[in-house]
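Chain lettering (A, B and C) follows the sequence in which the chains are written, and residue indices restart at 1 in each chain.
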Amino acid sequence: MAETNKVLDVAGVSKRFGANEVLSDVSLQVDKGETVCVLGPSGSGKSTLLRCINWLERPDAGQIYLNGERVGINNAGIVMGDRDLSKIRTRIGMVFQHFALWPHLTVLQNLMEAPVQVQRRPKAEVRDEALALLAKVGLSEKCDAFPARLSGGQKQRVGVARALAMRPDLLLFDEPTSALDPELVGEVLVVMRELAHEGMTMVIVTHEMAFARDAATRVLFLDRGKAVETGSPEKFFSNPETERARQFIQRYAGDVAGGRR
Amino acid sequence: MIHDFGIVWSERSLLLSGLANTAILSALSAIAALLLGFLVTPALMSKRPAIFGLARLFVDGMRCVPFLLFAYIIYYGLPSLGLRLDNWSSGLAALIIYNTAYMAEILRGAWAVQPREPIEAGIAFGFSELKLFRRIILPPLLLSAGPVIGNQMIQIVKDSAFLTIIALPELTHAASSIQSRHYIPFAAFITAVFLYWGLCLVIEAGISSIGRVAEARR
Amino acid sequence: MSAADIAAIFQGAIVTITLSAIGILIGLPIGLGLALIRWADVPVLGRIVALYVSMLRATPLVTLLLLLFFALPNIGVPMSPVSAAILGLVMSTSAFNCEVWRSALMNFPKDQYEAAQSVGMNAGQRFRRIVLPQIVPVSLPGLVNEMSLLIKVTPVLAVVGVVDITRAAVRIGAQTYEPLPPFLVAIAIYVPIVFALVSLQRWIERRQTRAEALA
């Protein structure tokens, strides 16, 4: 834990649902400012890995460290209570496949809810910051709208802004564009690219191969719960080490060649 | 006929206190039943067969028992088991217990159709326990269940009229007293009917304003 | 509580069931008639029906029964407990049925109606041959639900002196100074009846969703 640079350290995490081993001995280190794209076929455990990182799912084995601090298990070696877990979770932002905005709150309230209620930061400050974030994702004029009145792309940009409003050390994305109509995917990817440029530390589960190829600093390929390959996107896409990865890339070859679907 | 309504007018304080009692009785039992419903609902969804079975039995049982008989049991029946309640306590207890079953079922239905992801987002953003429930789970739940809860409140108002048979001084009881005192049945009871109608229109107005709030968020 | 007492309660049950059946059978077509008046937007009459329905839905059956039983004789309409009971049940249940029928009518696809018009059916034929066969299944769960609600309010008929289940039970309780057993017998009669109706409603709904899923 000497490296101050390492934001996330997933060490040998395993998780099973009943007899189904969904993650087996998965490790992943993410340095500050890195954008790691997690790729893999459906059911390979990508979502489960993300959910283990912030303990929405409790791993069966292995450790997770955020900035050197153990997630989920306290100093005494026992499972954290809700209060400690919630404190750690506020430092990990999450963006959901189906947006998961809170339907009863306006866009601005969605951004302010957790910083004010959970982090207990001053309302005025949170509000200014939230407005700035909405401007950044291009949704200033929607701040008083309810989520139900937004398009999918707008919802997801709110989802990203909501996660940023927590000033997280790490952002997790679970297929942030796969519930969107194809013509709306771009507007979300633009925002994510910008964050990558700014040096936000991110772990992104995605099927957008073109995005992974040119925005990721590293890719992790999961297959049947195992971390099969990890490395630079250039190497992974042009010269994968394993047969499974080669097949996977071939399936999505059109994506890489043609930019986006 | 005009004369009859004049008599009703002269007895207005009796009628208004009946109306007030009906409103208080209904409001108290609606609130209490809703709160208790929140306790029974998790039992209705429990994976433990004993807990689930007991909760189901209670809810389905209450839904098959006529309210009047249930009130009779509480008022006349419980004393033979050594539990004697006055008419207010037994009326209130009957309304609350009976409607807890209905509220629990309403909440279960609303809960079952709530999307899971926003709640999960709440957890991921650090909400926990009471705060998660109060700020993330409860508001959309109440918005979606609001209209049905409102309809149940109308049902409670109407059920409360049955309590006239245990001499609880609610609206119908007040109208009965006026009728027996002055022998003006039409004026006395039709006035009561209009007051019930007014009360229900108020509740309906509440329902539709909840409906509008929910519509904007759907 | 003697065997004769239990027999008396069952005798009351026959009265309760008969009155409920009469109320349901008369209330169904009247509810449909009221719904049609509202659906067709008959001037004035439509408004009156709307007010009638709104008012009756808000009126507790006890209050309605007391009104009918005591006030109608005053204006020269003789009222026995049984006739007050039937009138009260019909008035109240028809108001609720009207809403069930009406919502089915409101959701009836307009183009079908126009198609029937275009092939030259007259109003009566359109209603009997096109509309009615389709709104009956849609309304059925709501109507059965209303039936179970009606059964559940029948104990109140005892208030105007009908010797039904409840009055029989009250009487026995007063004679024996043991009110609990007769009430439990009364409940034991009600529960299976209401439960049967509730199950019927669920069964219809399930069958219909399955049919929809197949279609």
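The rule is simple: contacts are C-beta pairs under 8 Å (C-beta built on N, C-alpha and C of every residue); 3 or more make two chains touch, one makes a residue touch a chain.
Keep in mind that what you see is a predicted model, and the values were worked out from it rather than measured.
Distance from per-chain Cα centroids to the pooled protein Cα centroid is smallest for B. If you tally contacting C-beta pairs for each pair of chains, B-C comes out on top. With centres set at the average Cα position, the gap from chain A to chain B is 46 Å.
Chain B and chain C have Cα centroids separated by 22 Å. The distance from the centre of chain A to the centre of chain C, with each centre set as the mean of the Cα atoms, comes to 57 Å. Across the complex, chain B meets chain A through its residues 115, 117-118, 120-129, 131, 135-136, 139-140, 143, 216-218. The touching residues of chain B, counted against chain C in their complex, run 60-61, 63-70, 72-73, 76-77, 80-81, 154, 157-162, 164-165, 171-172, 175-176, 179, 185-186, 189-190, 192-194, 196-197, 199-201. Chain contact summary for the complex, chain C toward chain B: residues 54-55, 57-64, 66-67, 70-71, 74-75, 151-156, 159, 166, 169-170, 173, 178-180, 183-184, 186-187, 190-191, 194-195, 198.
By the touch rule above, chain A contacts chain B in their complex via residues 54, 56, 82-83, 85-87, 89-90, 92, 94, 96, 98-104, 113-114, 117-119, 146-149, 162, 166.
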